[in-house]
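For reference, the structures are reproduced in the following blocks.
You will see two complexes here that share chain A, one where it goes with chain B and one where it goes with chain C.
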Partner chain A sequence: MSFYLAAVLQALCLGPLVLGVYLTMKVFRFPDITADGSYTLGAVVTAIGLVNGWSLWWCIPLVVLSGAIAGICSAWIHNRIKVNLLLAGILVMTALYSVNLSILGRSNVPLLQYGTLFNWLTVFRTSDSNTLIIVTCILCLLISFMTYLLRTDFGLAMRATGDNEQMLRALGVNTARMKWIGLAIANGLVALSGSLIAQFQGFADVNMGIGVMITGLGSVMIAESVVLLFGIKRIAFVLLAVISGMVLFQLILAFSLSLGINPVMLKLVTALIVLLAVSIPQLRVYGKRF
Partner chain B sequence: MLSVKGLHKSYGKLEILKGVDFEVKQGEIVSIVGASGAGKSTLLHIIGALDKADAGKVVVNGKDIHRMDAKELSDFRNKHIGFIFQFHHLLPEFTAVENVCMPAFIAGKSKKETEVRAMELLTLLGVEQRASHKPEALSGGEQQRVAIARALMNNPAIVLADEPSGNLDSENAAALHQLFVDLRDKLHQTFVIVTHNEELARISDRTVLMKDGLIVLD
Partner chain C sequence: MGIWEAFFYFLLFTVLEFKQVIKTFNRGAMDLVKALDQVDLTLKAGDFVVVLGANGSGKSTLLNCLSGRLSLDAGEIWFDDRAIHQLAEYERSKWFGRVFQDPLQGTSPQLSVVENFRLAAVRTQAKTMRIGLDASFRERVAKYIAKLNMGLENKLDTPISLLSGGQRQALSLLMMTMDEVRVLLLDEPTAALDPRTSKKIMEITSNIIRDNQLTAMLVTHNMKDALKYGNRLILMSEGKIVRDISGQEKENLLPEDLLTWFE
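And now, the complex of A and B:
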């Protein structure tokens, strides 16, 4: 049972990441690969902070800021040098690998002996319940923030930019600005996830970000299908669905492990889940046609 | 109102505009006609600050748009220009009335005031009963009317339309053209319309012929 609980906790720690991926999908209709690098960056900054005894009050904002800067780099390359977002993201992600490795000093730093966010507050006796409470609080804050943001005029223009960038430019939106702000917020969230996961798992590793954006994308796709199916309109519920998508995702992974699937095959399973998630909308169309 | 002087524009080696001069007065409907590839859309995009000229001057309402930076240009498009394209380009996830509100929201206007004006415009254009529908539920003519309402939202100095009836059947096209005339009469609205439609060219106040990057007939 605690095996599945761990999967749920892990999914919740990945909550900020899914919100970030959701935001980029809204603003660009396109996933941003910078996430693989900024996720690790968040973990690395956290590790450095914990090892050097920085206060978490400083550490967490620094994590978000570092992710935001990574996002701004991608946006700058995309907007200014007119490189498409896929390539811009790959460039920044690749560069971040060296940055992360040089900041961390080696490829893996254990963090178990340090006081993390999750043992800083002790409401319950068991550490899992504590983690659950803290992560849930963080997610509630983030969902409120995102709901507010997406409902403002600014957020409206941001959402609409993904719908039709040319038209939004014609209507007088500075779409380049939308993009860099969007990528900054999204990667700040992604870095926060990297930090939470590092604290939850008790280590930071330079390779931990590989494929994490795909996991986020899969969750968003699962959520989009659910949102379509039930006609969910309210933004807060959509965001909840997006996070639930990640919970479902992690549970499926945990379940396949419990079936005795070799952990080496986990990325393959991940890819298959995402493939399934992206094909659901197509299946619906076929269902209607025949 | 609008004054264009000596506009030049090239894409690579291909010279599209070769020194276009052009004036439009307040409350005029001017249509631009010409063969496809003559540079009509390019001219319209430069007037509307969606694209930059290599040389020349565009002055709208006394403002020289080539002196503006990116932020000022966005603001300029939002406040002074209304665009209508051949395809309606309504945003699919928003209703008709929300689409009409969009330019005002972008300008940071209050929600209440904006929604009242949006409904007035939809009524003026005869599509008020479709206000809460998504674009996909509307007919081609209705979609284009909603797009016109959106273009008028912020009281633009000029509405620029690029083949607005190019995608409509003749009946809907004729109704749309009449609408431009009505709006000119009622609101004293200025229009610059690129069109292949002879009837629209006939009912405009002036017709301008573009050929090989120049205005040859005024």
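And now, the complex of A and C:
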């Protein structure tokens, strides 16, 4: 049971990441690959902070800020040098690998002996329950923030950016600005996820970000199908569905591990789940039309 | 009218001015196209100018240079008493309301009808961290859309992508007048619509322009519309304005005259 609980906790720690991926999918209709790098960056900054004994009150904002800067770099390359966003993201992700490695000093730093965010509160005796409470609180805060943001005039403009840039410019919106703010928020969230995961798993690793964006994308796709299926309109519920998508995702992965699948095959399973999630809306549409 | 009177009239009521505007595509290449060739054009407040011309004559380029979608190679564009040709497209939208040829371009498909209108309602303002889409705003939009008599006031929460091209075009027209607008730029707004819907859209357009006393430019290929609407008509050919008639002269224009223009 605790095996599955760990999967759920991991999924919740990845919650901010899914919210970030959802935002980029809305703002750009496009997955932002910078996430793979900024996720690790979040973990790396956390590790440095914990090892050097910084207060978490400083560390967490710094994590979000570092992710935001990574996002702004991608947006700048895309806006100024007119590079395709996919390529801009890959460039920043690649550059971040060296940055992360040089900040961390070596490829893996254990964090088990340090006091993390999850040791900070002790309501229950088991550490898993405390982790659950803290992560849930963080997610509630983030969901309220995003729900509010996406309902404001600014948020409406942000949601329309991926839809129809031409119309937005005709309505007086600086779309380049929308993009860098959107990518900054998204990558700040992704970095926060990296930080949470590092504290939850008890180590930071320069390779931990590989393929993490795909996991987020898969969760968003699962959620989109659910949202379509039940006709969910309220943004708060959509965001909840997006996070539930990640929980489902991690549970499937945990289940396949418990079936005795070789951990080496885990990325293959991940890819297959995402493929399935991506194909569900297609199947549904064709089912309706023909 | 005396000469001084005429001069002051000119000073007071000139809204838009193109000065020696040049726009070239494929510069330096063999297939160089002079889309706008030293165009001079002055619009007075309340002018409703119909722009005619064959394909590739520079009609759309004229509008796109004005709205900022394209940058000029040379020349100036003045609005009121300031040069605007250096401003970004989004900055110029404070004054210009635009309706595009493709109905899909004027609206954001994923957003609902009322959300699209909310964005349009703050066209000239900053999009702030304020929730402007409240019950009173919905009511305002519903009343506004009801004017169309298309039953769209009951579809406020429908994603715009589910509406037809004609419905979307009618809505994007209304959206442009949700916030203060000085000049309406219409680039073949009915080209993608069936004849009946086109007629309706043109009537709505004409009413909006009349009721709000707007200055407007309409690019069209439809000869009937060109004769029926507007107080001024210009014909473009190879990047130049070759004819410019207005007032009584336009009123007296016959379809046969227009056809001979194109020969």
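Assume the second predicted complex is superposed on the first by the 290 of 290 C-alpha atoms of A that agree within 3 Å, B and C clash if a C-alpha of one lies under 4 Å from a C-alpha of the other, contacts with A are read in each partner's own complex, and residues count from 1 in each chain.
FYI, a contact is a pair of C-beta atoms (placed from the backbone, for glycine too) under 8 Å apart; a residue touches a chain by one contact, two chains touch by 3 or more.
Because the structure is a prediction, the values reported are computed rather than measured.
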Joint occupancy of chain A by chain B and chain C, clash or fit: clash
Most chain A residues touched (candidates chain B, chain C): C
Partner chain(s) touched by A:Leu149 [first = chain B, second = chain C, both, neither]: second
Partner chain in contact with A:Asp163 - chain B first, chain C second, else both or neither: both
Contacts of A:Val173 with chain B and chain C, given as first, second, both or neither: both
Touching partner for A:Lys233 - first (chain B), second (chain C), both, neither: second
Chain A positions touched by chain B in one structure and by chain C in the second: 153, 156-157, 159-160, 163-164, 166-167, 169-174
Residues on chain A engaged by chain C in the complex (per definition of touch): 148-149, 151-154, 156-157, 159-160, 163-164, 166-175, 233
Of all residues in chain B, those that touch chain A in their complex: 48, 50, 70-71, 74-79, 81, 83, 85, 89, 91-94, 102-103, 105-108, 150
Footprint of chain A on chain C - complex, ascending: 67-69, 88-91, 93-94, 96-98, 100, 104-111, 115-116, 118-120, 122-125, 127-133, 157
Of all residues in chain A, those that touch chain B in their complex: 153, 156-157, 159-160, 163-164, 166-167, 169-174, 176-177
